[in-house]
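Two complexes come next, and they have one chain in common, chain A, joined by chain B in the first and chain C in the second.
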Partner chain A sequence: MPEGTLCNKQPIDTDEQLKALLGDKGGKVYYEEMKLLEVDQEKLQDTIRKTMKSRIKTWLKICAHCGMCADSCFLYRINDCDPKQVPAYKVQSTLGEMVRKKGRVDNAFMHMAMETAWAKCTCCNRCAMYCPHGIDMGVMVGYMRGLLYQQGFVPWEMKIGAGMHRVYRAQMDVTPEEFVDTFQWMVEEYEEEYAGLTVPVDKEGADIMYTVNAREVKHYPEDLAEAAILFTIAGEDWTIPSSGWELTSLAMFAGDWEACRMQVESVYDAMERLKPKRMIGTECGHAHRATVIEGPYWAGRPDGKPPVESIHYVEWVAEALRTGKLKIDPEKRIKKPVTLQDSCNYIRNHGLKEITREIMSYMVEPGYFFDMAPNKEHNYCCGGGGGFNGIGLYRPQRNKALITKRDQILGTGADLVIAPCHNCWDAIRDLEEEYEIGISWSFLKPLLIDMVIVPEHMKPEE
Partner chain B sequence: MYAFLTGPMFYLSLAVFFIGLAVRVILYIRGLDWKLDRVAYRAHPKAGLKGALRSIGYWLVPFGTRSWRVQPFMTVIFFVFHIGAVIVPLFLLAHNMILKEKFGFSFFTLNPTLADVLTWGVLISAILLVLRRIALPEVRILTTGYDYFILAISVAPFVTGLICRYHVGDYSAWLLVHIAAGELLLILAPFTKLSHIVLYFMSRGQLGMDFGIKRGGMNGKPISW
Partner chain C sequence: MFNKILFATSATEACDHAARVAFAMAEKYNAHLEIFHVLGLPTRAYSQVVIEVKTRERIEIDEGYCDWVKEEVRMYYERFLEKLGDRYAIEVAIGVTHREILRTARNTNPDLIVMGGSTHHLEDSAYRQLITGSTFQRVSGAAHCPVLVVTRPAASFWGGFSKIVVGTDFSESADAAVDYGIKLARSLDCELSLFHAVDISGLAMGQVMIQDDIEEKLRVARKKMRYRYLPKLEGFTDYSIDAWEGIPYMEIVKYTREKQADLVIMAHHARRFEEKKDARMGSNLEQVIVRAGCPVLSINRTVGRQVDAEK
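This part shows the complex of A and B:
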């Protein structure tokens, strides 16, 4: 059974393998090898038989082919209502065919399925809200990604991402030492401005264990300092774990369920070790989905919950503003048109729609907040979710997908888009780069830093 | 022939229908897997039940969900079709006379004019459903011969019922065809897409539990379908 040296059915388990794959710029060799990759039809059928139970089986069988899901899909709408972008078609022509053919599909089919799974669906789950039968096509595409990953038909960046989690328990090659050092260094950078600023590492029994996205460590370290500043201003008893600090999961985008389990268990181990009262994750949507919503199931936790109560950053912000732990200087409230990006992963898929609007009511001067249409659980994906942002092969499709969000933002007339989600934030940055509509975009943290009242004891000595 | 269709076949088709659909429900529930579905069904029964009932309930109401509201044409033909298809067979006067005779009980019965309206509604909406399948590219691409087959066997009892109702042609012959069409529908239901008669409730209930337990139902305001 021919397998490539880079593109094969084996997961990445060592740093050497990771480096070899990273060395293949843009995945040139990887994708060439994929053209020759054979499908292990028996394994495919066997996996389907073992893992496809009544829920997905029924979904595939009772789909009434009514097409009501079509308009719910932003990729269908933005691609000139191409019938091949109808969610039900995307699922029936890929996963449905695999099942009907009992796994007897070929290389060309798997290429088509791969493009469908990663370039025609961001697993935003919006279609699930429009199907009368309650068929969640995003869940089915997610399931199919697992089958494709197992067969080696997975975009280059996703294979690397999953490998990173396997090797580093982080989506990037950041070691525990690098994480702690970067956090401490960033805090030192700001300790003159904010007296008493520290970052407690591995403190047991703290009220809050804070977890982040490795990208913050690697590319946006100010975000770490901002988190420290806000926790300190709020007088929180918080800590970071030296290991198990990574909230994200590119393995989830890749469909590498084993890596998902490994990753999330590292965070749960930190919870068990440090016994915090709560875990708070950074402003990231998929990371919250991975660690808080789906993670308990990968780790086999029957109550479907992480070991300690785990909340999204927006939940903490709303609580801190509500209870007065953080106080906003009314003079500094935002006085320009603002809109808010609803992240699919914690709005549609975790019910936090009111929380984020509560935050807006504190941060934005009345009359300056403009909601997108549609919004809340009916909002459209930013255009870059589910791994779409990160896949070079599908960049043209992704850029087209951004138009939906561009037009939604333009419809609000806002100058500033608040996006408390890394994926959304990236997509909005990219859409501004691509289409230049003259907006700015931000996480909550930097905006809050600019408007919260700093207590006297934290003010620098003159 | 009449004796056969209203005797053994009548009981057989009802038995296949009820037992078959019950088996579909049991198999569905037994096939749920909290780990693979990633929904802690057992751990949160209250949230699960609430989610399931909301998910089923809102979708049973015309224009009760955003999806129904944004596609009003489909919503109207969908509900006219389904309401007629469920109510007429159960509450038609003639059917209830048979019920009384065979089983000794009957339901309330429909006003004959209303029964006519509902039956014509089924027919007209079925035609519109077919036209919609042909006219809209996003529906055409999904449509297979099987979809038309399901629609045909669903509508056949209503077409033949109307023929009997208006005494077109040979009444007793058409009555036999009508009974046969009805029994065919009952017999095929558990084995075809018509199993959605019960699996709709299962599938909708499952997704409702998913959202009710895992995806935010226990976390503030419930989802607005």
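This part shows the complex of A and C:
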């Protein structure tokens, strides 16, 4: 059974394998090898038999092909209502066929399925809200990604991302030492401005254990300082774990189920070790979904919950503003047109729509907040979710997908888009780069830092 | 004083003036020069695509590309490098420019960071020439060593430090700048001029200031400088103390010119850089940087504390 040296059915488990894959610029060799990759039909059928549970079986069967899901899909709408972009078609023509043919599918079919899984669906789950039967195509595509990953039909960056989690327990090559060192460095840089600023590492029994996205450590470490500043201003008893600090899961995007489990268990281990009262994750949507919503099932936790109560950053911000732990200087509220990006992963999939609007009510001067249309649980994906942002092979499709969000933003007339989600933040930045509509975009933290009242004891000595 | 110099460069014309000074300093003071280039901004989430800082092109990054860029940088500075023998290294990094400069400075602990002007020169405008680069502002605000910046060609024809001007507004950071100036003047056997400008820019805005008040302020400033700084100058004779009135940055530039100084040292006050779209004139330090006829060295509070501790 021919397998490539780079494109094969083996997951990445060592740094050497990672480097070899990264060294293949743009995945050229990888994708060439993929053209020759054989499908292990027996294994595919066996996996389907063992892993496809009654929910997906039922959904595949009861789908009436009514087409009610079509208009709910932003990719269908933006691609000139191409029938091949109807969610039901996308699933029936891929996963449905794999099941019906009992795994007897070929290389060309798997290429088509890969493109469907990663370039025609961002797993935003919007279609599920409009299906009369409640069928969630996003869930089924997520499941199909696992089958494709196992057979080696996975986009180059996704294989790398999943490999990073396996080797580093982080989406980028950041070691625990680098994480702690960078956090301490950032705190040092700001401690003069905010008296008493520290970063407690591995403190047991703290009220909050804070987890992040490795990209913050690698490229945007100011985000770490901002988190420390806001926790300190709010008087929180918080800590970071030296290991198990990565909230995100590119393994989830890749469909690498084993790496999903490995990654989330590292965070749960940190929870068990440090016994915090709560875990709070950074402003990231998919990371919250991975670690808080899906993760407990990957880790086989019987109660379906992480070891300690785990909340999204927006929940903490809303709580801190509500209870007065963070107070906003009314003079500094945002006084220009603002809109808010609802992240699919914690708005549609975790019901936090009112929480984020509560935050807006504190941060934005009345009259300056404009919701997108549609919004809340009906909002469209940013255009880059589910791994779409990171895949070079599907860049043209992704750029086209951004048009939906672009037009939604333009419809609000806002100058500033608040996006408390890494994926959304990236997509909005990219859409500005691509289409130059003259907007700015931001996470919550830097905006809050500019408007919260710093208590006297934290003000720098002059 | 200068054993290890970090030269942060875009390897473009914007940094040519700074390069001349950085290489001349390394040669003159026998220093090791680390030439550091941040080649692009990370983009596209976790993809390997980087926007090249020089060409604005999207490129797929790998080790081979980094090596190629290093070679490009080496070629760009080839004629300077010959004079340094093996006392240099070229490093490239991917990331947000100011953050990566600060990261490498933290790892290598240089005695000085040398930087050029704004890389926005391509979209040139009068306004662009009036402000320093945001990268400089961010680096000089947070660095743990002094940051030397050279933005004008006139500031780069330079034969070593012999006459130093230190501008002071009597703040804690300015005192640290004076301390550093004294240390440097002693170490390199330079002439030192301590200078304060009484700000009368309000006059143009209709603020009434009678001449007697201005002159009283000048007297007080001179007295204050003598009281504050003379004890630090014990045993050092080649100094002068002056106070002039005017727009502070203009007076510093004029004073530097009159003294034929080859270095101005000033304090960097602002901790955080605030991105603003509207044009702004910036601080006195920024204005001196874009106007002075010699390199400008900025000292922030962190460096000031280190100088204090050494004392």
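We take it that the second predicted complex is superposed on the first by the 462 of 462 C-alpha atoms of A that agree within 3 Å, B and C clash if a C-alpha of one lies under 4 Å from a C-alpha of the other, contacts with A are read in each partner's own complex, and residues count from 1 in each chain.
As a working rule, a contact is a pair of C-beta atoms (placed from the backbone, for glycine too) under 8 Å apart; a residue touches a chain by one contact, two chains touch by 3 or more.
All values reported here derive from a predicted model rather than from experimental measurement.
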item: Superposition on chain A - do chain B and chain C clash or fit; value: fit
item: For chain A as apex, the angle formed with chain B and chain C - C-alpha centres, to the nearest 10 degrees; value: 160
item: Contacts of A:22 with chain B and chain C, given as first, second, both or neither; value: second
item: When both partners are placed on the shared chain, which of chain B and chain C touches more of chain A; value: B
item: Touched partner set for A:68, first chain B, second chain C, both or neither; value: first
item: Partner chain in contact with A:384 - chain B first, chain C second, else both or neither; value: second
item: First, second, both or neither for A:172, with chain B first and chain C second; value: second
item: Touched partner set for A:42, first chain B, second chain C, both or neither; value: neither
item: Partner chain(s) touched by A:215 [first = chain B, second = chain C, both, neither]; value: second
item: Contacts of A:304 with chain B and chain C, given as first, second, both or neither; value: first
item: Minimal inter-chain CA distance - chain C and chain B, angstrom; value: 25
item: Contact residues of chain A, present in both the chain B and the chain C interface; value: none
item: Sites on chain A touched by chain C in the complex; value: 22-23, 25-26, 157, 160-161, 171-172, 185, 189, 192-193, 215, 218-222, 250, 384, 389-392, 395, 422-423, 426, 429-430, 433, 462
item: Chain A-touching residues of chain B, taken from the complex the two chains share; value: 27-40, 42-44, 55, 59, 65-67, 70-71, 74, 78, 133, 136-144, 147, 193, 195-196, 199-200, 202-208, 210, 213-217, 219-225
item: Contact footprint of chain B on chain A as seen in their complex; value: 51, 53-55, 57-59, 61-68, 70-72, 76, 81, 83-84, 86, 88-89, 92, 128-136, 293-294, 296-297, 300, 302-305, 348-355, 376-378
item: Partner chain A, residues of chain C touching it in the complex; value: 42-49, 60, 62-65, 95-96, 99, 102-103, 106, 142, 172, 271-272, 301-302
